[in-house]
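Shared between the two complexes below is chain A, which has chain B as its partner in the first and chain C in the second.
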Partner chain A sequence: MYISILLKEILFISLFMHLVLSQDTEFKKVFYKKLLPVPCVRILNSTSVTGCQSLKPTSGLLILTETQDLLNDFIKSDRKGKYVVILPYELMTNDNLRSLESSGKMSGVLALINGTDPSSPNSAPIIQRPINFSPDEKCPNCQFGLYRNDESRYIWNPNGLGIIQERYDFPIFALYPFDKASNNSYNKIINGVQFNERRSYERFPLKAVEFDALMFAAIDASTCLRRNFCSPVGGHSVYSTPSIDMNENDGKPIIIVSAAMDSKSLFQGITLGLNNGISGSIALIAIADALSRSPTPVKNFQKHILFTSFAGEPWGFLGSQRFVKNIFEPFNCIQNKTKPTQSCGYNTGQSGGCTFPCFRDLDFKRINFSNIDSIIELSSVANGISLGPGNIQQFKYFVHVDNENNAGNRLLMQGLGALSGGIGVGFVRNASEDGVFRKLPPSSSMAFLEKNINIPAVVISDFQANLSNYYNSEYDDGSDLDVSTIISSICTIANVTSQAIWLHAQNILSPTSPTANTPISVNCTLVGLLLDCLTVDASCSLFDAFRRSKDDRISHYTGVYQQTSQQLLSRFHYNVLGSINANIISDRKCKNETDCQFGEICTNLHCASSFTRYHDSYGAGLEFIENGDMIVVDPEKATWVESVWSDFDFNLFNVTSIGSQVSELMTGILLTGLSIVSVIFGKKYVRKTLKLD
Partner chain B sequence: MTLLTFFGCALTAFGPSLALFFLTIAKDAQLVILMISSAFFWLISILVASSIWFFSKSDATENPITILYSVLLQELFRWFLYKILRRAENGLVLASANPKSPYNVSAFAFASGLGFGLMNGLVTYINPLIISVGSGVIMCKSCPTLTLFFTGAITTCLFILLHTTWMILAFEGFRDPKRNYYYIIWVVLSHLGASYATMSNQADIKSGCVIGFVINTVLLVISIIASMRTLKKIK
Partner chain C sequence: MPPNPSKIPPSEILSLCKKFFYIGLLFLPWLWVINVIYMWPLTKHSDIGKEIKKYLYFSTAGALFWLIVLTTWYSIFVNQRITWGEFADKIIVIPIRGA
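The block that comes next holds the complex of A and B.
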């Protein structure tokens, strides 16, 4: 009987304990101050593993090594224990990270990207922003580009540190204060490290942080996809044209105006890419807007104008390669079930798509690759203004081509030069005017030239010989430039380019075309609005149509491909280009395409007849198979996949010394031992005094 | 990472009381059951107290008020426990190992007190103890060299022992309230005093936690001596 009652009681107590333990996480917050994690994540392709990983939560005392000397001292020192090293971003070279790793004293790295001393907010930054900083490779994406087999290919990014392509098996998080939450984290960390410095790392308690950034990915892209621990890097490109009736057999040449919509850097969450990414897409939208105001509608010109905004270009030209592949190769729809299925979530019956291969619509087939007349690509164009002699601002942009002897290329180069003030004297110059012919920089045009090297293709940029100073870096946020300078730089080149396109689409672009003949110009106010929308002001009205939350920062990182859900930047381009290039915008309100009539799209909350579509963008070496799984079909091409992770944890807390922990243990053991002895003697004493024996 | 702290604090908090349990009560199934039943009574008291705290969150989050009503509720449930045990006493004595011993009732009180105290210790300290396995600590405000884990462990240890002696004294008082009313008054007052003394841990007083420990230890010594006196009086 006793036993059964005892068992019931034990059951009751264990239930109760379970309840108590479930409260554990709330209580934990008292001891661990949560910080905003801006992690570097693990990304794989078929041949390499890049990015960061921490297989188990790690922690360490905060230490700041402001200079290379301090860092060397730390690495050589005989300090005990583990440290989380706050490293100015400039010092984050692969060599430094490797020596920290092999020192055995480092459990994680915090990259200090910018920020001031929290105790005096108006003071100078703790670290100076470097003049050049690019975590990307010296020749970014060259292994996926047109010149991948070219031994003597030009090195476009000589300052590149190459840390994006390295594999680090320890956590790296960024310190980059830009809003309330990130400022709060930043201040706590810097206060913590200053606290430790005041206590000379000797008087405990000291401040430590803990990271948890477990990445599920392992081995390579193919294995990881099979295990379902990775998602393909990519998104949705957007293409749009005012030629609503464009079709495969109309024989009209097509001018492609292209730009990359997103960017890349070591830390996804704070990627902005103002020059490399945003500036080109703003110029593209501004050109589309200028052309839409042409006195004769541009759809009536001899040539079609097709705008393409590619997603995922920083990852081996995902967007352009996928788009070119689809419009170039003959398309066979193997299976069409007309209804959404598990492997293909589109209502293909309604939109005229295909279940396998999975496409929402087949309108890309209306673009005939052999009709492509020329490609005009806008690369980074935000920094086209420099101070010339006598401190006078001067504009300078460069046109890059693959082959200067191609007549089409020559016409475009000369036409742009002439419109900008004269060939060789205007502000648009040949990139090879210094006598060095470098061919094309990393660009989307390469995907087209891959299929037909003779297509005239020009890449317009603000750089001549090297990619921008902050190529694919967190510093490419425009804070080194004046906003009006950026706007004026983008607007100027967009203006000239739009005029060139307007003339070229009517076959009247010539090296001598006078500016007066082109009645179109770019709206610089729109450029300013777009810049504001895409960089600082997340509550911009252009986002109203689809943005859910207004206060989070817009990351311009590529992200991962999800079949039926488009990312913010894709939706932005779709809505903006969709309404600019719409033939008719109706009064009918809509939330998505299903609210509109057949053939219409829903753009900026209105049904419109517009030939604007999304196009899938993921590695050219990846394909979906019939059951909806993705496999690697060509390991030579881009096969980037991003690891799945559980939640990131990033906490700040106090730690005590080992010595005090040992004394706590000794106290416990002594007290228990003493108690046992005193209970034994106490029992004897009680028995004696109460005369129980 | 700091398993050292975990074991140190666990042994400090529960070592003495577990020594008492294993060397005295554990052998006697009847006493073990009594102990667990009294633990259940403590749980009900704290359930009521926490309900009051929960529903009056807006104006009664002040620690002194919370301590006041939760101590009074615990004492109330101590009395309920006594009332119930009183009804079962004859049966319990008969079923005990030595039915003729005059100390059976005292043994019941001791076991109930330990149950009351252990449950109190578990509920109040188990959360900090689990978190002490992690590397993060918070230092005690009044004694910045000690962690909250460790000061909590000492307080827990003292409170379990205090509850044990309070139960013996309270039962003595309840048995004959007219003559032994001062036991009841002592139990209630010293319970309140010991609880308020713990507030010195997070106060701005230098070495405040030591003051709290000293007060609690003094109360414990007085209570032990008083309990021994009650045992000696039984003949």
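The block that comes next holds the complex of A and C.
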């Protein structure tokens, strides 16, 4: 009898072991190496679906196609099975991706953005960085801009591949080593490829990867929002002014100084956007800082100066369009419960906001749209230096306007030109000096001009005819430029612009004004510090007040709008601009802004009042309804939403040949059969010998 | 195994078969299927065979009816779910991800 119990016990234990091993996680820990590459995410609007999706987990052997010829060979080859194709980013054209998809041999793509051979880290990169690379459209955001109905509109990004706007129903991940985890993933994958190459894809086992990247979103933005599978792309714009008493009826003209806060690329996690995003924001902050040191406080000038840093501009200008919509249209608070509710998480009683429509505060009403005097916008300004004849550094920036005959535009263009060394000869030129008038490039100013085309608006940039060569690409990380060049480029244009604003705010900007009259200059050390903070340095002191984790690098992707929680970049701009424009510094001590009252900034460990506010930004075609749900109200405007997803699975494992897989299965079946037979016979034998029956 | 008529009175078996059929009317097509499988060997019984056969035919017809209705609904739903939009999302119990 004891033996019978023992036998049962053994059977039970073996069954239990079998169950444990077949559990996904345990099994995967033993056989798989989990990696963390950067995914391409599904993003939708009311008319299109973009980004990547894999409905089922897929796997494939690792293969690297370094050149277009090798890629063509792979597509034409009669290889069996599925492959995960590692493509140099330069080869990631829509045509190549589509031919890979239709070849039936590809189960996923890894975009190789940079990186060296892991066996010799100091060697040259495996792939060459292309001179031009932009995954964005040929005319980015033009369908949402001022010239959307203009048939002969100018094409600003002729090198754009348009892959950001395409829909791929297979997983794409990026290989971009920049920190410990990404280096580890990168090395394992490249080692895997080299391993497979040594074995000529014939001698098994070979290295394969398995992906699981299910995106919950489907169909379009309104469907996805209704199903609760999407969040609106957006965040919080920041506006700030030294004019603490600015109000709707003060009749004082307002100069708006504007820049975009964030950027965009195919792989959100590694978006940096140094030129397109960061450089303009840095110039904006540097200008605010320079003006704050004006001998006569700028709040006493004839004009107000309002700094706006818009979130989500790369997504159909959603930051500027929402801001303009809110300050332009009459506001009507339908319901105010003065305390946080399910649908509106703000304590509106404390900050003077509204429960529906949900606003933390209504201070944006203090900005009177009809008082806007002019707009000065800083686009990409990091690359304003080029080498001229005799290898001498030359500065050159361009001013873009909608209408050259507008007197206000002419004044600003000529004033900037004069301050930079002379109209037509200084380093700030009219963008149309080559005889081609292109109107405005994609910019935030368009949202203002949409409501009143006569507002003078200038967009200052380092490009004349085409957007920067790495526009909205992962390569826009500044590694093609020298840091000191970037700093002096940003500093030079910020300097001239701050002087122009200083003069313009006093109504004394003139095409002939001598530069000696402007006791204003930009602090280039601050520019360097800001550049460092926003690109590489996690321990930057400007983040101290509000940054919890110290990652090596901040993603400059817009992110998704969350009502009461602001993203890192927004908080950065809020705190930095807020401190610069702080007015009355109290003796109340603070560690961060939560220690201070509403309308106050924590600067130098003291609370100070500052007219600096966050402003919600999400697609201008989206609106919240009373129960807190979001719906699409205008499919023509920006309605971008980002899909929710469950955890990505990305594993590296050894795959054996089909023959050995079949024999493994057969052996398993045979062993199971044998053990069943032996248990039955063993039980019978034991019962017989112990005479239990 | 069907009930054994030599152990249980045939009238009782017949009444059980009838009960299966009538309860099956309460949207329980699987009960009809069970009825048919369970009772089918008894259709050859000399005494109650004919009666049982009648109820088993009814059960089969009912189960087939349900099969047709459900497969039709399923194919309509799968193909029309997207066009129905909000209505389809409302009648789904577990939201379908990625499609």
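Just so it is clear, the second predicted complex is superposed on the first by the 622 of 693 C-alpha atoms of A that agree within 3 Å, B and C clash if a C-alpha of one lies under 4 Å from a C-alpha of the other, contacts with A are read in each partner's own complex, and residues count from 1 in each chain.
FYI, contacts are C-beta pairs under 8 Å (C-beta built on N, C-alpha and C of every residue); 3 or more make two chains touch, one makes a residue touch a chain.
These numbers come from a predicted model, not from an experiment.
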First (chain B), second (chain C), both or neither touched by A:Gln53: second
Touching partner for A:Asn651 - first (chain B), second (chain C), both, neither: first
Comparison of chain B and chain C by chain A residues contacted: B
Touched partner set for A:Thr672, first chain B, second chain C, both or neither: first
First, second, both or neither for A:Gln661, with chain B first and chain C second: first
Touching partner for A:Ile680 - first (chain B), second (chain C), both, neither: first
Common interface positions of chain A, toward chain B and toward chain C: none
Of all residues in chain A, those that touch chain B in their complex: 2-3, 5-6, 9, 12-13, 16-17, 20-21, 23-24, 27-28, 30-32, 59, 205, 208, 210, 651, 653-656, 658, 660-669, 671-672, 675-676, 679-680, 683, 686, 689-690, 692
Residues of chain A touching chain C in the complex: 53, 55, 214-219, 223, 226-229
Chain A-touching residues of chain B, taken from the complex the two chains share: 1-2, 4-5, 7-12, 15-16, 18-20, 23-24, 29-30, 32-33, 36-37, 39-40, 43, 101, 103, 122-123, 126-128, 130-131, 134-139, 145, 147, 149-150, 153, 157, 228, 231-232, 234
Residue ranges of chain C touching chain A (in the complex, touch as defined): 82, 85-86, 89, 95, 97-99
